[in-house]
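Each of the next two complexes has chain A plus one other chain: chain B in the first, chain C in the second.
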Partner chain A sequence: MFQETVQVLERLLRSPSQIAKHCAADEDPRALFLASLCATLLGAAAFGGVLATSRGGLQLLYSATKVPLALVITLVLVVPALHGLAASLGQPLRLSAVVSLVLAATGRAALVLLALSPVVWLALDRGIGYHSSVLLAAACYALAGLSALGLLWHGVGKSLRGAFVIACFGLVLVPTGAQTAWLLRPFIGRPAQARVPFLRHRESSFADAMYLSALSSQGIYRAPEPNSHPAPRGATNLADDAEEAP
Partner chain B sequence: MTESDVALFRGVEAAYSARLTALELPDRADEWRRFASGLALTSVYGLALGARSGGTSLLRHALGAPAALLAVSALAVPALFVVLALIDAPVTLPKTLSATARASASTGLLLAGLAPASALLVVTIDSDQVASVVTRLTLILAGTLGGLPLLSGIYEEVRRAPTGTRLKSVLLLCGFALFAGALSARIWSALLPILGGA
Partner chain C sequence: MTLTDLGVLYGIGGVASAALVRRFTGKPRRESATSFLLSLLLWPLWLPIALASRKPSSLVGARLSSDTEVALLEAHAAVRGTPLEPLLPRQALDRILSELARAGERHAELSELLARRHFDPKLAEARVARLTRDGAPARTLSSARLHLDNVERLAALRARDQRTFEELAELVLALRAQLVLAKFSESSASDVQGIVGEVWARIDVLGTTLEPASAGAYMAGPAAFSDLAESQAE
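Let's turn to the complex of A and B:
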């Protein structure tokens, strides 16, 4: 079983089309399931741990737990959406095939995150600012997401219609994944912070925060709108609370 | 669960998806069942929207979400059929009913699929305005993609017509798409509390 799992891990990276065929065919999914889940948990945990290196301490453990959690929650939420989109656009797939496909794609994305971890660690070690590290993490998630969508494209059929299904699915995946991660903040944590919370208060939305964070990284600070904080935590820039999303 | 149970489950699952999106079903009763399945699946999406406020809002959204499908099917499609018949387009009632049922099922399947993600978004986004925008975008996506089977089903019939009739039919189908979109938007705005409706 171990040998088979390692082989599947290699195929996840090298030949997404073979993995997609495996998902669509009624073959034994155990090795694929195990390999994808291991890749998701280990890859995302490593990336989460690296993100927290600038803060250190308990944040390392929290981030290493929350990044895989965010990926798995997103996976669960978007599986029915891909099934519905594929069916209504004339590319119907069995639900079990969709589950395998999305799990494999998540595993692939986590492996990409694992590969990007040293780059992120180096950047954090070189002392890039908090807001720049948020944007760097968001760029890593975007790259990982694209590699996952590539595998899904093979799965729904590598055609114009398949590309349309994947484009529509991307419209669902991005806000869902971003909001899930937004709820599980913080991932990076600020060195100046005395206490490390496992979760922050619920506030505003991911899109607002990314926009303000991009402005803050360029030294442009804007105050949040008065009604955007139902539970105010002091007069801070909303961008200070912006963090990365898987 | 034994292996035969798993095989049976997969067979049923495959048959269910395929039946909902099949081009045409052999029995008229099956078409009605497919249409009703679409409405029921759309109600599931309504429940997800209602989770933002909970309580009676669940019921109001569950009833309001499929109302637009019902209105388009009961008001817009018969009107389209009459106008197409007036210009002597070769459309038949059974095929039109089948295309309508398929579009309903397709929209329902899509909205039910979007329900878990929508529930997360509408429940966790604080701003009413942003939650409303997310809902509008989801409904536009599902309405557009779900309406395609209806338009393509009817176009398949009118493509056999002479060029003049075919052109008029295509123009009518474009007008129908706009009308169905406007009607759905009106009904959802009026009935779904998350969009500011009653």
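Let's turn to the complex of A and C:
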């Protein structure tokens, strides 16, 4: 079982097309499912832990728990969407094949995150600022996401129609994943913060936070716009609370 | 709807999924624990996987083998220690049981294989028809026809084994009854010898492969196959 898992992990990185074929074929998907789930949980946990190294302490444990959690919750929410989109756009796949495919793609992304962890760790250790580390993490997520999309494209069908299915799926995946992660903040933790919370209060949205964080990284600090979710007591600048999302 | 409501609904879904997976999949204990946890916690992802990977529930060949095995054991028990024991000695019983087990495994494997989409003879036939209609290159068409032939042979092999299993089951039931009757009525063993010979003939059939001509006859229908089998026997 262990050897089989290692082989699947190797194929996830080296042969996305083979993995995609395996998902589409009518073969037993359990080994691939378990290996992909392990890759997702371990890779994301390691990356989450690395993100929290600048804050340290309890944040390490929280981030190592929340990054995999955000990925898994997102998967649970978006898998039916891909199944429905693929079927309605002329690329039908069995539900088990869609689950295997999406989980394998996530596992691949998590392995890419794991590979990028030393770079992020080095950058944090070199003392890059809080907001720059947020953007660095977002860039890592984007890179990992691209590698996952490659596998998905192989699985759905490497054609224009397949690309269209993936593009439509992206419209569901990106906001769902981003907002899920936004709800599970903080992942990095502000160094000046005395207490490390497991979750923050609900406020604003992921898109607003990324915009303000990008401005803050250039030294431009803006107060948040009034919105439907009132900020919790003591929160004065949304940009200070803004963080990346997996 | 609050987060707690969602959590409760998700939990209910998890319990229902765990029950469903347990109902439809028979697994060894260790694997069952993993499956149970995944069904409970990650049911939207695990449920399709667990249900997709379950074995076909109606492995008729295996069930028939099992019934046949029970009947054979009872038949042997009926004559053990009597003058009729040479009709069905322990060594012969062991050999028949071992051949049945092997043939049962092959039948189960074939059934599982033919349940897959890529081994569906109708789909393979439709593909050949479509390629012919579309004017596909000769080589592509030839490969598709070869695939169709192979799939048809596999289907014919499964059908033949299935039929042999059914015949064998009936013969063994008759053998058991005949042996019990011979034991209590002290009647002639000549009828029993005839049935034993038939059983061995069926066992031999289960151990053989299928010739292309036989496969074609099977696909044409049971009657055509019977004609072919009779002509071969003659």
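Here, the second predicted complex is superposed on the first by the 240 of 246 C-alpha atoms of A that agree within 3 Å, B and C clash if a C-alpha of one lies under 4 Å from a C-alpha of the other, contacts with A are read in each partner's own complex, and residues count from 1 in each chain.
Basically, contacts are C-beta pairs under 8 Å (C-beta built on N, C-alpha and C of every residue); 3 or more make two chains touch, one makes a residue touch a chain.
Computed from a prediction, not measured in an experiment: that's the story for all the values here.
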Contacts of A:S96 with chain B and chain C, given as first, second, both or neither: both
First (chain B), second (chain C), both or neither touched by A:Q18: neither
First, second, both or neither for A:P175, with chain B first and chain C second: first
Contacts of A:F33 with chain B and chain C, given as first, second, both or neither: second
Partner chain in contact with A:S159 - chain B first, chain C second, else both or neither: neither
Most chain A residues touched (candidates chain B, chain C): B
Which superposed partner A:L75 touches (first chain B, second chain C, both, neither): second
Contacts on chain A seen with chain B and repeated with chain C across the two complexes: 26, 76, 80, 94-96
Footprint of chain A on chain B - complex, ascending: 10, 13-14, 17-18, 20-21, 106-107, 109-117, 120-121, 124-127, 130, 134, 137, 141, 145-146, 148-149
Complex interface listing, chain A residues touching chain B: 26, 76-78, 80-85, 87-90, 92-96, 168, 171-172, 175-176, 179-180, 182-183, 202-205, 207, 227-228, 230
Contacting residues of chain A [partner chain C, same complex]: 25-26, 28-30, 33-34, 37, 72, 75-76, 79-80, 94-96, 98-100, 103
Complex interface listing, chain C residues touching chain A: 34, 42, 44-46, 48-53, 116-118
